[in-house]
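Take this structure, written in structure tokens, and hold onto it; I'll ask about it next.
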Amino acid sequence: MLFKILSKEEFRNFIDFLLKDTEVIAPKQINVNADGKAIYQFLPVQNFEEIRLDYETTDYSAKTYFLPYKEDLSSCSFLGTIWDREIKYRIQPRAIVGLHACDINALLKLDKVLAGDRFPSPYYISRRKNTFIVGIDHDPCEGGFCQSVGADVVTHGFDLYLTDLGDRYFAAINSNRGFNALQQVKTREPTARDNNDYLEVRRRIASQFKPLEVHNLPNLMDIEFESKVWKKWADKCMSCGSCAMVCPTCYCYGVEERITMNNAKSAKIKQLYSCQFLDFATVAGGLNFRPDRETRLKYRYYHQHRGFVEAYEEPLCVGCYRCGRVCLADINPPDIIQDLQTEYQE
Amino acid sequence: MKTDLNVDVHHLTRIEGHGNIEVQIKDGKIQEARWDVVETPRYFEVMLKGKHFSSAGFLTARICGICSFGHCLASLRATEQAFGITITDKATKLRLLAKHGETLQSHILHLFFLAAPDFLEVPSAIPLIESHPDAVAMALRLKSLGNRICEVVGGRATHPVSLLVGGVARSPDELPGLRDELENALVDLGAATELVRTFEIPDFHRETEYVSLKGEDQYPFIGGRLVSSDGIEKAEQEYAAMTNEYVDQRNTSKWCKLSRESFAVGALARFNNNYHLLHPQALETASTLGLDPVCHNPFMNNIAQLVECVHIVNDSIQLIDALMESDSELTMVPVTPQAGEGVGAVEVPRGILYHHYNYNKDGYIVKANCVIPTTQNNANIHHALNDLVTKYAEEGMKSDRLELLCSMLVRSYDPCISCSVH
Amino acid sequence: MKYLGIKPKRPKIAVFDFTGCEGCELQLVNKEETVIDFLGSVDVINFREISSTISNDFEVAFIEGAITRDDEINRLNEIREQAKVLIALGSCACFGGVNRLKNAYDFKKANQEVYGKQHKETLPARAVKEIIAVDLQIPGCPVDKPEVERIVQHLVWDVPYQFPAYPVCFECKQQYTTCVFELGQLCLGPVTQGGCRAPCPVGGSGCWGCRGPAADPHLKEFLQIADEREFSRKEINERLSFYSGFEGML
Amino acid sequence: MTNLFHPYYITQEAEMTQPLDYNRRSRLKHVDQVFRSEIINVIPLTDMEKLFQLRILDEAERERFSFLPGQFVMVEVPGYGEIPISISSSPSHKGYIELCIRKAGVVTSILHKANRGAVVGLRGPFGTHFPIEKMRRNNILLIAGGLGLAPLRAPILNVIENRTDFKDVHILYGTRQSDMLLFSYQYEEWNRIADINLRVIVEQADPTWTGSVGLITDLLKEMRIEPMQTYAIICGPPVMFKFVCAHLQQEGIPMDRMFVSLERRMHCGMGKCCRCNIGSTYTCLSGPVFDYWTVMNLKEAI
């Protein structure tokens, strides 16, 4: 990896350069909550001033720019008994500025599922490859446990990654595209002092996390399959699906088709779904493989912390804590995992 | 020739709600010529009691599915008057824009889908899809535009969700697109005028009193003083003296009167009282269609509606320009409930509407009253029906023709019956 | 028009209004882009609000409004006898809707207040299904036209229609909305039947529950979270009973 | 250079991703593309089930299409949806495939209305298959309950066509009532083939029924089984295969010599939508055909 130093002023020029002909998505403050705390979202921005790189976290992850909540997979036009199919992939290049490490790690995990060798998804790949990613380091967000699941540092999956050194950014370059882009502004090579400052910042960040014991989770999930912990938490779950919607890695979906009133055109529509919904595993005739909240909630954790580990040697969860924050019933991974550990120890 | 004639229209079609026309003529003399509203009573004024101010706008919108925005706006205004709240300029403009959307949608619905079939001699607009495809497409485009405006500002086309006490929940970003559509609508309105010009409006004049809001510097829609063509003028708060509601034994809707036994509200009333404030293009449309102030032909209400559409579309363009220029983003002001009472008068498509609430200090309604345009028109419809039947029966008109004319007369008031029996 | 060589049925439909605002009926002629195809895919036999052709030779009856008077019960029974498929259209027909709010008041006093000495007949507002058998309920205040279109498409093909199993929150989240709870406001989204595309939370007023309970709603937890956020029971109940969709569950 | 970022077009790499398994769909650019297929015949089997013969319209695609018994395809009725259906015809049969479809919901109802000539979409084939090649020189037990005969018919036909490769072949089939029996017009043919033992049983006999009455396990009890020289394929509702497998296990057949086909909700067939997950195993990728040992080891499988 190459490193460069970029002054804050030059970073601004860099954004202006991006904005010239690329759609730029960045954290924006959209509101304040009832307690006066700022609410941020990844949204398209028009100018540098709108970007808030000091954001703590966003309510929603940036997943929707890769896996839209709703997406037309294809459309059909009917001609008598036959029909023609049209498929369009999104190819407009765009940039996402300000992703935190957890969110980039989330993309790397999605890459494994959606761009891996088994049935790669062209819809995902075309979005992923056409998105220029600028990441940024930050202090831990409230509730975040990314360090425990190994998602607090990121070594690839982005074009540029910035660390704020006060008056300048320490920029890691991870792609040819990133390198070329940086050439549009003034940069310099890092000095020993820059390197030192950088490592100091990294150390400071790393030292602030509260550890959560997760290394034994895959086994624990099996051992505690019948645990009372699941029922305790599931009894609160309203099956609203919000957790999956804000999660940067949940990728489950459903497909349905629509046809116009005049039967001339139809669309095949994919929409992200949540495994907490009642009918997630229902089949025709009404048989539901996960009829109760307990099996549904357990499945979500089982998939993230055991199944995914089995398939890819790492958990699916990146510890961003968005699901915990969004859940009105306060169901959240650290508490559930802690409960499982406690029960296991007993 | 002395004849016996019977007209019995039980649940008149192509109007909103359930109303009956009954005419009996024996030996050429009217025994009976009635307009009765038989809709089931709903008691909204009672339901409002004990409700929190935040519910009132949503609840009263459900008085009427066609003018839900109007009800909501009247309700918000009544509450804001009671709490002593002044909303921001931006919110005022957005609300008026939403109001315009509804008026456009409602007028076009009435004119082309409910009234036009009579003039084109078909039972409904459905056959027109084949016989007059261009006209139907034009009318649908205009109606759709009205709905779109409502959606953009109010969150959806029927029963708004973004109009709240204190202002408007959000400032829409779809305004530039709307503006383009409005520009295009002017062309459609030209075609509409040409079509309506071919309608044969019955030549029937009956002098009556017209009541509306009084425009000061612009054609009036939300709030202001009340005025009648017989020269009565009152403040918004004195609406009760302007309406004088009373209960008719055979009707579930109330009746009203002012200087005479009945008065009229609606597009024609607004036109008659405020024509000088119309957009020049609207005035031009009026003169093209032979609508001159002060007009006493109730059938001309249809024409006045189209004239208002022309005004509204022009005014909406101006509103959007002003909204896009204004740099203030503020659409909501803080709301603190206080004890008090307030009246909101709003010109909804069918005429002037009043909401009147009394609040306790916690912001719960203690007493509510709503006076609906159709309520105000009922007596006038009834008496106009009498005069119409008298005139045409004397001319020896046949039953079925008379039935059609009676129905057309009622329809021209564009009555909104479920609304009137709120 | 044929589809895959299959000729669709053209069901003969009728629309009847009872006690309500006729807003749901209005939706049938809204959504202008498709309304011609919509009306063209069925045979409109009886639709008083827009047409003067009146006949009783219909197969599918859409009922709008709550039932609040004896004559309405009679009319409803006659319609049921004729209709092969009877559909309750909108929250009033499905639950009684806002009309049901009046049931909490003394009718004598109510009548006195509105009509003075003149007596007007009224019964407690009821849902259509409380009087006769209903084949399908389309809730909403007003109904969501795209959903009605889809239901009619399913009728045309004679295939079952399944309402979404998810609550309003799902479609709210899909639109990137800031949860109104976060802004300190109340919302019935977590317990309300989805499918409306969440116009109310998105529009800034929170969900009022017009579509009634979601599949397997967790009201107990909902009340818990509302309590925790210090909404008064009075406010919560006013919300939950507004469209009467949660009638009998509170 | 106006735009620093060159748009990336999927098609550039399309040909580089090689097909996996038998599935040409895995080529990147084709993921949502379907084979347009014409319904060439519709054969009503019972009140609820029809057999559809489908032919892929494009000749070259038709040539290339091949599958193994037990695999399924995603059948799409554009405008109404896409559903997984097991292939019911013989893998050796080129030119068309047969699908036995029960009317169960939206898509299947529309399909049941479709006539000869209608064009639907096919994706696939997907999933694992019954490892017939491993079963050579052994006895074969093919056991189906109800609609389970649909996925079982492909291995049945496959075994019949290669009869000499196997020792004893038994087909056991049970349904609730005799009017629910599928492919009854073929029993006679199957029965006549030397050394195929077909036995049919119904739970409730109507007056016209002259065959056996009872549960499928009743048929099993009457059989002598050589456990170490027998493979079993069992298709049917979970309750049924649980009992059957338990019985066979008692008879000594190792769990990894018994194969079942599982049913789960599916929206993609490609291990993406997660709807078919059992625990976190994708039924569409690791299944639908599993050996019984795997099934017993999957949490929440039955």
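When the chains are written out, they are named A, B, C and D in that same order, and each has its own residue count from 1.
Methods note: a contact is a pair of C-beta atoms (placed from the backbone, for glycine too) under 8 Å apart; a residue touches a chain by one contact, two chains touch by 3 or more.
Predicted, not measured: the structure shown is a model, and the values here were computed from it.
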Counting C-beta pairs in contact for C-D and for B-C, the higher total belongs to B-C
Separation of the C-alpha centres, chain C versus chain D, in whole Å, is 42
Centroid spacing, where centroids are CA-atom means, of chain B and chain D in whole angstrom: 64
Taking each chain's mean CA coordinate, chain B and chain C are separated, in whole Å, by 25
Centroid distance [mean C-alpha coordinates] between chain C and chain A, Å: 37
Contacts with two or more other chains, residues of chain B listed in rising order: none
What are the residue numbers in chain D that touch two or more other chains? 77, 79-80, 105, 117-119
Touching at least two other chains at once: which residues of chain A meet that condition? 78, 81, 258-259, 263, 282
Each pair of chains that touches is included here, namely A-C, A-D, B-C, C-D
Please give the residue numbers of chain A that touch chain D in the complex, ascending. 21-22, 73-74, 76, 78, 81-83, 85, 87, 89, 91-93, 95, 113-114, 117-123, 125-126, 129-130, 132, 177, 180-181, 184, 222, 225, 251-259, 263, 266, 268, 273, 275, 280-285, 289-290, 295, 299, 302-303, 306-308, 310-311
Mind listing the chain C positions that touch chain B in their complex? 17-27, 29-30, 32-33, 35-36, 39-40, 44, 47-54, 68-69, 72, 97-99, 101-102, 105, 109-111, 113-116, 118, 120, 122, 141-142, 199-200, 202-205, 208, 235, 238, 242
List of chain A residues in touch with chain C within their complex: 30-31, 33-34, 39, 41, 59-60, 64, 69-70, 78, 80-81, 235-242, 245-246, 258-264, 271-272, 274, 277-279, 282, 293, 326, 328-329
Touching chain A in the complex, chain C uses residues 1-5, 8, 34, 37-38, 40-41, 149-150, 153, 165-167, 169-170, 173-176, 178-179, 181-184, 189-191, 214-218, 221-222, 224-225
If you look only at chain D, which of its residues touch chain A in the complex? 2-10, 17, 20, 23, 25-26, 28-29, 31-34, 36, 76-82, 104-105, 108, 117-119, 121, 263-265, 267-268, 270-275, 277-281, 285, 299-300
